[in-house]
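Shown below is the structure under consideration.
Going in written order, the chains are labelled A, B and C, and every chain counts its residues from 1.
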Amino acid sequence: MKKLSILFTAMLALMVVSCNKPKEAAAPAEEPKQVEKTVSVTMVTDVGGVNDQSFNQSAWEGLQKAKADFGIDVSYKESKQNADYAPNMEIALDSDNDLIWGIGFMMADAIMEAAQNNPDQKYAIIDNAYENTPENVVGVVFEAEQCSYLVGYIAGRMTQTGKVGFIGGIEFFLIQEFEYGFKAGVKQAGADIEVLSQYAESFSDAAKGKSIANSMYQQGADIIFHAAGGVGNGLIEAAKEQGKWAIGVDRDQSSLAPENVLTSAMKRVDNGIYNLSKDLADGKFPGGKTVSYGLAENGVGIAPTSSKHVPADILAEVEKLEEMIIDGAFVVPNTAETVEAYTPVEL
Amino acid sequence: MNNYDSNQIVVDMKGITQKFGTLVANDNVDLTVHRGEVHALLGENGAGKTTLVNSLYGLYHPTSGEIFINGEKVIMDDPNVAIQHGIGMVHQHFMLVKPFTVVENIILGLETHKHGVLDMKKAKDQVIALSERYGLTIDPDACIQDITVGMQQRVEILKALYRGADILILDEPTAVLTPQEILDLIQIIDNLTKQGKTIIIITHKLKEITDVADFCTIIRRGKKIDTVRVADVSEADLASKMVGREVSFKVEKSKAAPSDIVLEIKDLHVKDNRDIPALRGLKLTVRKGEILGIAGVDGNGQNELEEVLIGVRKAESGSMTVNGTDLLGKSPREILDHKVSTIPQDRQKRGLVMDYSVAENIILENYKKEPFSKKGWLNFEAIRNYARKLVTEFDIRPNDEDYRAGSLSGGNQQKVIIAREISNNPDLLIAVQPTRGLDVGAIEYVHKALIAQRDKGKAVLLISFELDEVINVSDRIGVIYEGQIVGELKAEGADENEIGLMMAGGGKK
Amino acid sequence: MSEKKKLTDSPVWITMISISFGLIFGAIILLIIGYNPLTAFTVILKGIFSKPKYISWTVIYATPIILTGLSVAFAFKTGLFNIGAEGQYIVGAITAALAGYFISLPPILHIPLVLILSIGAGAFWGSISGYLKAKYEVNEVISTIMLNWVALYLNNFIVLHDKVKREGSEATNKVLDSAQLIFANTWKTSEAGISWRKVHPFFGDILRTPANGGFLIAVGAAIVVLIILNKTTLGYSLKAVGINREAAEFGGINVPSNIVSAMAISGGLAGLAGAVQVLGFTREASALAASEGYGFEGITVALIGANNPIGCVLAGLLYGAMKYGGSKIQPAIGAPYEIISIIMGMIVLFISMPKLIKTLKLKKKEDK
């Protein structure tokens, strides 16, 4: 009891202090900002949060790298509910940032609305190309079909069963590019390899990802690629349990299951964020445009850890394909028709 | 009993005062008990008896005052301290683990063990030795749920003795016993005191005090009124000291004038919650202008009978008519609408909404009727006016219809229920254990109210576990045993022993 | 009731103490993980009060949880534990999104119609649990939790249906203008609106947010609940069943039908919460990976508000303020947003331990 009463008194004392002090304590913290005028960039995550093992996390890594390399101020704000996007845009606006990032196409509406209301504020969005991009907005998209093509080729070369799988998030063009790139890559490896394909209609339902993966493995697929955000965590879990291969997406997902993640189709959101933030700092903000990053710009690629499980000869072939794409020797298909029309190239 | 040693004081409580906020539950109370003595604590409900023994048992920490055990001053801040000083308590509601056996319950918390393994053999031997020494017959291997209430009480006493108790506190020990079991208990108390144990017994039944106690301390409104040698006083003396005025024990009533049948139950079969038959072909009738008393030990179907009468339990078969209308299987609402009112057994659980005010409780059965409400809107003015009228008429104290029902004393809670039920102007009034836990003054009030209803020509069905009450209040008595009326007799000149025998299943059919 | 109670014994006091304790606890956690609690609380306070639009956002955040709080509190008052406000909210929200898009009516009819349909949907969802309890004695805690999941997946099934889904999104189409509750929604972005907003900085700032009529609806609902509970025979019987089911049954009150009614009203309030959120703010219902938590936050609100309707409005505002203002510590000082959940959790914990607070108080008195 005595201890409790001491604790109580301590709490009271602390309460008094915390009630009285804040004004003086806070004032000096804000001043230096105005003096130095460092470029400051903030990002608002979608509901995945900053530790989503996927593009939100990758985006934050990009910002941190930018901070380390050329000293800009960076911060982030997580969205917990869909209803948080709009207020979070306001919060980002109020904290005087030079550029506000929206991470993910789910924030397209919120960014557009904010950009229209605040024409003097610069915005950028990952994974979204507006039809009419306002002058103060940049859309950043990635040529996802290119990296998908490369992992598709690896999957096609390495499958034992002649069957591979693809799990998509929600079915629309942005994700379909992964699917078609992947299918084209598989086709490059062997025309008779079957690709099972299914959409989870979600980007976060890991349980659903796991059940789709399990059923694909049951149908004989031994390698499954996903482009489904958090849904993919379920796939990787299933791969681990069944001792099969999974191919990660967005980031190098090897760390999630080092023995079961064959490779990852990396969408270098971090590079995208880093590059554009650098442009901003250099005063070259490409407002009103959609910027596309592909293999050539280091915007997409396969994971550096691929060499762990993928034999060197296959990797050499992948490298060759990569060069051909960069050189423009052929265009990677990104629609159902172009995949249909695709004929494997000579290596 | 006269087994005490007047030179040896074992318990000496001096100037005990216990305050709860502004309420003074004990006000400078002294209590002196000698070795081998049976000392009764007598008082009305809420007088402060239980508070006093709770201080002795370490459950409450007195605001002021001192406690000496065998001459040594002890700070009783925990029941464990009390147990260490040889004090044991048998609560009114037994604290037993029902699926455990008798021995398991007795040794609970003090298990004998050999290298960490429970040594049941040794424990059982010890328990049997104890029970033989004090004449406490038990079946050591039976489960608590399968034995009688009387045996459960013996288990509780053994539990205290097993923990080395020399001073036993018994809180209302006879409330749940049959007349025969009460005799057994008296014998047990005699055995215990002969072997030097000291007994403090809490009760508000005067007869028990004259039967077993050597001394009696009377407490009224938290204050000690007197300590008397029981041999020197009469029951009437004790009662007037307890209540503070003269009390009449004999229920005054004129001869009954029964006429038409109101309630008629035929061949009623009902199962209890465990799906075991509780009523097996019960049959009874109650007429206008008479009180039928149902005598019996708790657990012989009274509870199920009450529930069927109210309409909350389904019957298997049989019939139950009120004024010729079959009401078996009807909802409580329909039964109420057929002019049947009930004073339920458990006033706190079934009679009152404790967090509601007196006024809100008074309209519980009629809140949907005008003038208390109109088209779904409550009319508080009408409710209050009506409640105020009843509060005055039935002398509910405090005289405040906005008072929270749960804060009233037991007697006044019962008055609220009686006011509500009687003001319904029923043809049939059912009263189940209407005086349970009430003090002498309140009991007198309830009995008079029941008789007044009879005299108005109502039919009254009284179900009670108190044999005295049934004999005193009723005009006819039906004895219930294992779900049947095993005997019926006139109340006037009824022989308590004969009824007691029937209640225990020993009567003629 | 006639006993005069000291201020320090009243539930309001205990709530105030609990809130202080919760904040202090949050401060200690912040200190431990290396952030200055004073700076954090300053950010929070400024983030709530320093601009008109912040206050508006706070109210917007508070609106749905006031209503789910009322829902849970109403159930508590009638002796039921409605953990299903979450599911009832979802059902109400999807109903509002559908009725707000597929039905076309003038606003004067459209808004009430959508609200009524959503209340009805929530009430239906709640009454399932009520019926199961009344008829088969299924514990409402279990059935409401299960129904939360059913509501979640039903919502996703409907949202992702081809005819409902908005192209390239995980959400429904936006509700029509005739159904939305946002103040001056089209006018404020028009030329006239923009210039008016420049001249009137205070209201202009508020109009930057989707300030809407939802809060007024929530306050109205609180008043209606207050009236139902205290002035009507329905409230009388519901409370009687809640306090003492057996006594109510013995007194001739139809207990099963009261349980169903109580759950229906509770569910209707949660359904209204969903409708208000959709019509007043999001204008769409989204596919959900997991519960958004409005119903669970309602439990917190009800507990802090001591199950009193007015208390729920205040507690909802507190929670809304903490949710909105509290989230600002993340970009400002990099402290985790979760601290707010910890603080709210601790407040509830302290509120549910009034004995501890009383003991501390007593001890303090004795020490003197």
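By definition in this document, a contact is a pair of C-beta atoms (placed from the backbone, for glycine too) under 8 Å apart; a residue touches a chain by one contact, two chains touch by 3 or more.
Computed from a predicted model, the values in this text were never measured in an experiment.
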| item | value |
| --- | --- |
| Most central chain, Cα average position | C |
| Farthest chain (mean CA position) relative to subunit C | B |
| Subunit B and subunit C: spacing of chain centres that average the CA atoms, whole Å | 47 |
| Inter-chain centre distance, subunit A versus subunit B - centres from mean C-alpha coordinates, in Å | 73 |
| Inter-chain centre distance, subunit A versus subunit C - centres from mean C-alpha coordinates, in Å | 33 |
| For subunit C, residues that touch 2 or more chains besides their own | none |
| For the subunit C and subunit A complex, residues of the former touching the latter | 20-21, 23-24, 27-28, 36-39, 41-43, 45-47, 51, 53, 57, 60-61, 156, 160, 167-171, 189, 208-210, 277, 281-282, 286-287, 289-290, 292-293, 324, 327-328, 330-332, 334, 337, 359-360, 363-364, 367 |
| In the complex, subunit A residues that touch subunit C | 1-2, 4-5, 8-9, 11, 14-15, 17-18, 21-23, 25-26, 29, 42, 47, 75-78, 80-84, 86-88, 90-92, 94-95, 105-106, 116-117, 170, 172-174, 201-205, 230 |
| Residue ranges of subunit B in contact with subunit C within the complex | 310, 312, 331-333, 335-336, 342, 344, 349-357, 360, 364-365, 367-368, 373, 376-378, 398, 400, 402-404, 407 |
| Subunit C - residues contacting subunit B, complex | 1-3, 231-234, 236-237, 239-240, 243-244, 246-254 |
